[in-house]
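Chain naming follows the written order as A, B, C and D, and within any one chain the residues start at number 1.
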């Protein structure tokens, strides 16, 4: 493998810092795979990282980021996962900010970026709609120009963290006359604007508040909230979505889950050859994805659409490993972690039973969101194999 | 399960008869999964069965068959497989004969059926063509009416046993003006007619002479060789192909292979948990197919298109089991059984090494022929699920 | 898709049992009611239980002299199958197991009154035979004689609906022999640690500290093989339930695919998705065959006092197959629904949770595979 | 699809090795030639072997002082990768292993002449380290001293190309210690039982009856761990070959799908088949990563005298993964070709046979999984 000088030193400084500064309360929530981590805890952690200049790891130095190379960024994200620290604030830091850097006006940069960097504003994403999921371009929520304002009507679906967000960026229909990719405009808005209503969508796993449907009724926002040209939001969205390509494989998180299974199996002294065989297979498969991710990030030539396979296989193996974890915990994994009495009654030596089922059910979403497995296969077929 | 009185007695009489009358030479070839069983041996065995009236097990009594009910027929086929007897002569006995009984003229019945029953004539099937496999109706081999004769030009592909057959039945294009299912005519012909040429297609597994391409150059056959109406052969073909629906699951043969694996594993004293786990899974899957076959044959309501799943899953599990057999034999399974020296050199206690690889490679065909797995899925989607 | 038996050949009467069960459950137990009950105190509705009693379902396997219908295990399984299809949650199965334990081994003598009250829905009974993940693993709970008094000490884990039950049938060990006891759940020294399960059903660990047991409550000695039989019968019933759950997922997913449009056409027109729903359909068919075979094996076990290892294997094969196939079908069902499949308002996820529970209870697929091949 | 390394970062020189190997092999070893050679006496062509020698491929890992090119294991693996891609069959790999054994453990002293002859293609060398299915299982073949004479007795199973070799390197046991020997294949007492394999390669069981061994032919004592190292290096090379075989199947199948029409449209337009060739593509990518990682691990093994269990595990993970993935891809390749895929004239089935062979040799997937997790 390529040598990156001093990368080991960098890695251990990150590991050390996380270990010493991650609040216990937060670490516990992450270990328990909680989806609804409170806003103030998220902010606290972001600011702890920001003290080192690490709050926005992907940002270039000119915007106050650490200016890391890909390898440093990669190592940082791995240490975050292995250290049971929360995922970084993906919507503001990871998605909107680079988009604003590329497509935003000077005023927008001044306005938006510092507030993300300081975790003053939490962002959410308004892309999908009830009738537009995988087929995003068929979105219908309208933004109509009225003087210096857009008037928004309709609703957005699957909005993660919509209930704790201050701002939303999203795609809105400003013209329906042409082909469906045309007439989409990229806008930002205040979540407390009159006419915005956030309804939680409960998921079958009972993960708590995580995703929402956001309704708009005559919501008025200034034209200056538009990013890029009117009707031309589709290409901005494509850029923004391409930022998700790496990391969605969740390799680091899966590595951490594997550690947990082995730790549990040692305590439980499982002696089930069938289970062992499944676990070994999963471990080897994860290794294949891990090495492929590495190869596509740092290898001979940069990966393009091929990177879709990381999301495809990464989430598949992620769920396989969570299933193994669920099975390793045994029958106490069947309890409903939303019920406090049930959690209190659990045998002391089996804390995993308090969260594994929920995680196991909840993470099935990863094969669905951000381009479902089927969409990833379509992308590979078309963009890589040319069929 | 439904009680069939005396079925046990029937079963043991069949088992007994096979055991006592199956020639050793033939038994050995069947155990070795040979595909090119000589014509005279096949005939000999057919006549041994016919002595008991069992040569044409599916035939009704009026045509000289045993007139068995479905359960007897089912039990008979199972005993044939478990007793290492060869498959019955499917093209003549199993496919053409019932078709003639239903669609043939009185003269055709007189002419064709007794010669099948006595194994005087071996038949082969001329359906597929180089450009018409799964999409059978797009066949192009022409039969043009010229006075009292059809003149055939073109070629047929994948013709099993074409090199030992006396006769062929097949589908030929007599009209190309309408939709492609129209204008197909069902004809029979002599394989020694002038202009017929049989070329063996070698398969990658090296199974010997098994399938052929048959070329026709101005082959002339009398109009009386036509079965049914001109241009209306498609519906006859559909009837004929529906006769294959059961049995193609090859459950009985797979049961026999499982016995062989266990026998071998006992001798080899395998102690490989990973292998054992795979074997147990396969055994349970086969059981699921076996029970489903039984249910569809003898259950509450007769199965229609649902029976496609038997072919689909039966061949899948068949190949899984053959793969396990191959793995159980170990590295000597890698030798090429076509090479006599290699076979002679094999360790004495491992006769399976002399045939398993070839069977393992050869039987991949079962997921392709007689409607590939993909075609079976399309059928189920359309005819059962209505999509 | 209508469930048709083909290995089971049903009488007209049995078909009627099946159809009327489906009609009643569909009517009384729509998904909205299930959702409401999920977070209720007891997890099921006493009115429903009364209805089950009125229909004769609780006493379906009991002789008429004990207030039952004298029906076969297959009869009971047809009702339970429809509970799987409609995702009804109740202590039905554990009640049947408890009654079977009570009557099969003692013919109910001395507990006729309890029996009748259970069958009429006025008293709740459950049965806890396992103490670990391995079904039928020998009991550690001890029955001890001390100064002419019997005392019970130990713990039974995850006894279904034990928190909602008046009586609990358990096994305990005394001088190396197993005994079957019926214990009043409210006796002094009985401590319940209740749990809500993620499928909304209820269960509890039960700790026994020096619980006084009257002679009358010791039903009799029981062999390990006989405990195993009770579990096997219960497992076969579960297989019928689970295979019906699978059909429900198939139906709902197929329906969804036919109506949901993407890129301007119904999902059901996309060939890759067609082949996947076909895979789901095929698993449902295979699972149904296994379930029917298991219930027939269990009926043989019921009817013969001799233990037949072949029957045991038939049930283990079914449990292992349906355990895996059920989870596969559940996952595919959600995936084919897309985001909608993740929502709590859609039944699909709840069927998946039930099928995941099924795989774990009474020994998971891996355990039953080992038992099958052993 | 062009094979690009991404874990391996290649120098310009290494890229040239890879490209020129591909060009040469494509030209000299088209499928028709392979087919012709399958049933020939030796299974490969002496002219090709001469060419390999002229290109310096046989001595690629040897120092220049011994007539080699002084290249790294990665260099050798790039050539062997292209042999996988073009399905070249020859004793190349076992020759390299033999040379490695000869030089690594003895630096070739005393056998310089043999070395040079092998490198120049004038003498054939092979290496047989296993006696059972388990790679590196301790040797039973015995080296015995009798009246100042060394004698060899025992049997080595399935030694690659042993029937075509002049010298065979084997391990034998003497007083509990393992020794590496070089044996003239035509010595009295050596009996060869040759086999043709289904991938057309040749192998043989070699029986030794009282074969006289001169002192000079005893290369030295060798630990079990060192034998294992030789096998691990060979296994990593095989992984590079096999992952290239997989790419060839992917390419050929994709091409077939684009051109073959059914129901009036190319197979490649059917979504269900698209998703399946995507699965094949994904397996190829994953396998390539594993292969590259294995060869890097093997290079570490070459460069360090210390045994590092982590490197061993990396190689086992790769072998297990590619073993299974290769068979999967082979089966899918045939299935997606339909009937055409069954014919001997299409390369696809031959690649599948090679990948099946790959899974078995040097320990199958199941063996390597156990080793990985152990």
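By definition in this document, contacts are C-beta pairs under 8 Å (C-beta built on N, C-alpha and C of every residue); 3 or more make two chains touch, one makes a residue touch a chain.
In this text the structure is predicted, and so the values were computed from the model without any measurement.
Q: Quick check for the class: compute each chain's Cα centroid; which one is farthest from the centroid of subunit D?
A: The chain farthest from subunit D, judged by C-alpha centres, is C.
Q: Centre to centre, by mean C-alpha position, how many angstrom separate subunit B and subunit C?
A: 43
Q: So what's the Cα centroid distance for subunit B and subunit D, whole Å?
A: 39
Q: Of all residues in subunit B, which are in touch with two or more distinct other chains?
A: Within subunit B, the residues that touch at least two other chains are 274, 276-277, 374, 377.
Q: Give me the residue numbers in subunit D that touch at least two other chains, ranges are fine.
A: In subunit D, residues 271-272, 274-275, 369-370 touch at least two other chains, as defined above.
Q: Could you tell me which shape the graph of touching chains takes: line, ring, star, complete or other?
A: complete
Q: Which of the residues in subunit A come into contact with subunit D in the complex?
A: 1-2, 276-277, 279-281, 283-285, 287-289, 291-292, 294-296, 298-301, 303, 306, 309, 312-313, 374, 377-378, 380-381, 384-385, 387
Q: Under the definition above, what is the set of subunit B residues touching subunit D in their complex?
A: For this pair, the touching residues of subunit B are 128, 131, 133-135, 138, 157-158, 201-206, 272, 274-275, 319, 323, 326-327, 330-337, 339, 341-342, 345, 357-358, 361, 364-365, 367-369, 372-374, 377.
Q: Looking at the complex, which residues from subunit A come into contact with subunit B?
A: 273-274, 276-277
Q: In the complex, go through subunit C and note every residue touching subunit B.
A: The touching residues are 4-10, 254, 257-258, 268-269, 271, 274-275, 277-279, 281-282, 285-290, 292-293, 296, 317, 320-321, 369-370, 372-373.
Q: Mind listing the subunit C positions that touch subunit D in their complex?
A: By the definition above, subunit C touches subunit D via 270-272, 274-275.
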